[in-house]
């Protein structure tokens, strides 16, 4: 059974209809990428799944219908959304940022272990753990956002453009760590990315979204082989 | 010199008023990320509730804690009922709602309890201490304020709830994505702010006498104190309260024409402080990166 | 970063600005102008006087809206600029014998200079801190007006009685009707000016600064200059309103310009519609008429409850009309103008 | 195109504005007067920072209700229209014009405040509307040659200040006076008149003068400063809670001067009791009204009648509030004026009657205080009596002083 199953998902911003009925699935343990141009509806798709905006359609997480759940409740089921803009709590320290996320995790389990795990992935965060988070660099804030998601001990991570606004070197570092997280099989990932090349490297499967509709699906290899995708999104 | 010392001491005593209110201001700022303009009137209303209980014969301390509890619940419900529908609306609309609440509380209190000044009892010993400029109540008020400060500090610094209140105020969307039930957390912040306001109101009322317009100007000084001290720093707000009290007094005595323009000078000074420390004396400066 | 959120959510609805002047709109325009011209002939003088005051408030509210709604700067102190305008006009008329109409440009200039000057410290302050600074201005204004060293000019605590202008004989109008036309002419001129300003380059720069100051600077907009200029222009508008009020009311005193005036103007901005030029007219009507309505409504139960009624109305308006009265009217007009295109 | 949308939205609002206003009603022969009724207009602050005085309007309404129940005035019932101005002069102008031009009242009565009444002074006199018994102690309400339509009621601040000044000059050796005053039209005029009353010696006698703002939360600082000036006389020109605060603070810091308190604040129940009766001992003031909260009047006939009236007509009112006694007395004064005017209730006749009151005694005035006016004397109450608080009640000493 798929971890996430989405049928006929529609979503709105105010009165603007953005998603026009999307279907896709995500297997447990996989990394699935959603590709598309600016404004195609990628971010909206993630927000619709995690319940941040008004939506309709059928969303099943681990077999359970969640499309009527509030955002907080979906998060508490184990869906960690790393939002666009990183969602830093500017005036909290780095460690406090992580603590906020640790309060709502599924099981009370090993909070201390999770702190260690996050600091293990991102030693820079440990160095700066008592620093005010608003003063971190963009890359560090992205690390912090991923760290917060990990503190929720999620089963599924929704990643919204982790490379946005970052230098290529930092993007590579972050994707390395994401690959490591995925390899450790601690969480499945639904990744939205404009940088299709990097995304396909990490992902097993991908969907292509255009003006609010899913127009193509396949494995990463199939995507890389596709002429149009290559020209439009990979640029070679 | 004697005059200077005198004015500093009375300034500190008056500053205790501002400090206690500033603490409530900081509390609400941590919970909703801006001012609640009706906060002073809410505190005044709470104090009238306590006064009514005492008039009905309830012993002081029972009335005191009953009022704090009632205010907490009332603050919580005020958020759930009145503010929840617009909690993510534009700040200016919320300000208009606060102004509306201010009008309602003021007018209700005036209708229910009239405008004649009412004495409010003090739990502290009567009479003066030491220099005869500071009364037992002044010292007691400062003591309670410092105790509240400690409690607020511990709440925000060490408790998980305090952390969540701050997170929910700073970035509600992100807090929800961390699984925080922000509407309840914010309501809790409102409740706590209302409770602190009630304590402050009951302390202040003995000193300035209780009447529906009691808080008009005190809340101005309370806001100023919180801003000068730093809105995210409870300790700063209390220090700010004492500073504003002393500065206000000294402006009245030592600045030419200060007796007439005391408030003006004090405010100019506060704005000047903000020019050099835009987030207050003890506030953390946030360097935003894009 | 809540500060810059202040005004951002107001729906600017740019499409409407591109709307063609249909026959229906032309009819409304003609009817509206007719109503403006005809009003004093249909009403008793007192009602004309009330409308005049509403128009004065509308000018002041538009001034504040330019600053808050279009530039994202927050002011709780515009009552002070209103007072500056009123006192300038009153002093020029009584101490220097100047004609009332000539005092208005002077008042605008004085308010502009003070507002522009205040814009500099405002540059360093954001959101709540700016709110406190402007608030200080509002609180300090009555004290300064009372200040005994300035008593020879300001009349101190007693204020100044200003002679009410009389209608020129050739018009055949009552004094109230004359002042009404005079005020409405100013109002229309200032509104057309503001509407052009906000839709042209300066307005786009103002809005860009409101929405994202850093990006605006990156685009080459001189942010400090625009922000201080906006402060000045905003103050000038409010100053003009104050100047007219001085001789329409016939009296100025420190008690006329308390903090509550600043609050009333802010309420007018929000109720009319943040970032809406025409909203200021609704704001002006609201500020004048609704307290009276609240008073009559509350009077049924207890006179003392008038503020409770007013507060309830304020909260209800925020709930029912989140984008202000202008937003509501805009919505109604859209519905009426395009009956077949509604529905998504 | 841009302008078009502006222009077409703008008229809409004006149409809406027009809808809000009613049309004019036909003129009556005697404004506000019919065979069976007379309409009276009143303005007080029911809202805003001065709302503490709002009860004067409600008490006035309650008093005329009682008069109506007793058969009205010369068979006419009084229609009492009371409006709110929030103590804002522009609003007073608007409400006054509403009363005069739309409600078409016969006269204006008991409008509160110096700045508020100043704003309508010209208007009522140009228009010829009786502007009676202004609630303000300023002298400007008694200028019949210049403003024949405006009249005060209570003793002027100048008169009261003069009483204290005279007393100090003749009874205190080497007076060193500290003055606390509210920094507004009331306090400043009062202080100036007091200086005039002292004459040339003023500068030598006054050793400290401290203003406070009505926006000050506490006036401890001012009281401490006055005390440290070694003044032996404390002239306390403060209102409501500031009076209460200053009485207590002076006692707390052990300052025991000869304490003069302005009569507006001389209420046992609403000022002295909250401050502490023991702390108020020795306070001297000049009064013209019976303080209903003063125990010496507990069995007084006026006071009992007043009590019954409060219970029946104004039960929500606060009996410790002195202004309920003030409103009661003022209302009876107006009732006398209208009764004396008889059936000719034109505005001129009302004003003539108001300017011809002879030795009138109304309930709640102190025994011996009589109301007198004449065409050239627009100061109705001009006598007061000095009283000293003995910890229980105000003891009268000396004669009723006539002040003119």
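Letters A, B, C and D mark the chains as written, and numbering starts fresh at 1 in each.
The rule we apply is simple: a residue touches a chain if its C-beta (ideal position, glycine included) is under 8 Å from a C-beta of that chain, and two chains touch if they have at least 3 such contacts.
For clarity, every value in this text was computed on a predicted model and none was experimentally measured.
Traced through touching neighbours, the fewest hops from subunit C to subunit D number 1.
With chains reduced to the mean position of their C-alpha atoms, the one farthest from subunit C is A.
Subunit C has its Cα centroid 47 Å from the Cα centroid of subunit A.
Per-chain CA centroids place subunit B at a distance of 35 Å from subunit D. Separating the centre of subunit B from that of subunit C, both taken as means of CA atoms, is a distance of 31 Å.
Annotation: 42 Å between the Cα-based centres of subunit A and subunit B. Annotation for subunit B: residues 103, 106-107, 110-111, 220, 260, 263, 288, 290 touch two or more other chains. Counting partner chains per residue, subunit D has residues 47, 49, 51, 54, 183, 213, 215, 316 touching two or more of them.
In subunit C, the residues that reach two or more other chains under the touch definition are 1, 139, 143, 146, 148, 302, 304, 306-307, 310. Remark: subunit C residues 16-21, 25-26, 28-29, 31-33, 35-36, 39, 42-47, 49-51, 53-54, 139, 143, 146, 148, 156-159, 161, 164, 188, 191-192, 195-196, 199, 245, 249-256, 258, 260-261, 277-278, 281-282, 285, 289, 291, 295, 302-304, 306-307, 310, 326, 329-330, 333 touch subunit D in the complex.
Contact residues on subunit A toward subunit B in their complex (touch as defined above): 50, 52, 71-72, 75-76, 80-81, 83, 87-92, 96, 99-101, 103-105, 132, 134-138, 141, 148, 152, 165.
By the touch rule above, subunit B contacts subunit C in their complex via residues 29, 33-35, 82, 85-86, 89-97, 99-104, 106-108, 110-111, 220, 223-224, 227, 231, 257, 260-261, 263-264, 267-268, 270-271, 274-275, 278-279, 288, 290.
Those residues of subunit C that touch subunit B in the complex are listed here as 1-2, 5-10, 68, 121, 124-129, 131-133, 135-136, 139-140, 143-144, 146-149, 214, 263, 266-267, 269-271, 274, 302, 304-308, 310-315, 317-319, 322. Taken in their complex, subunit D has these residues touching subunit C: 1-18, 20-24, 46-49, 51, 54, 57-58, 82-84, 86-90, 93-94, 97-98, 101-102, 113-116, 118-119, 121-123, 183-185, 188-189, 213, 215, 316.
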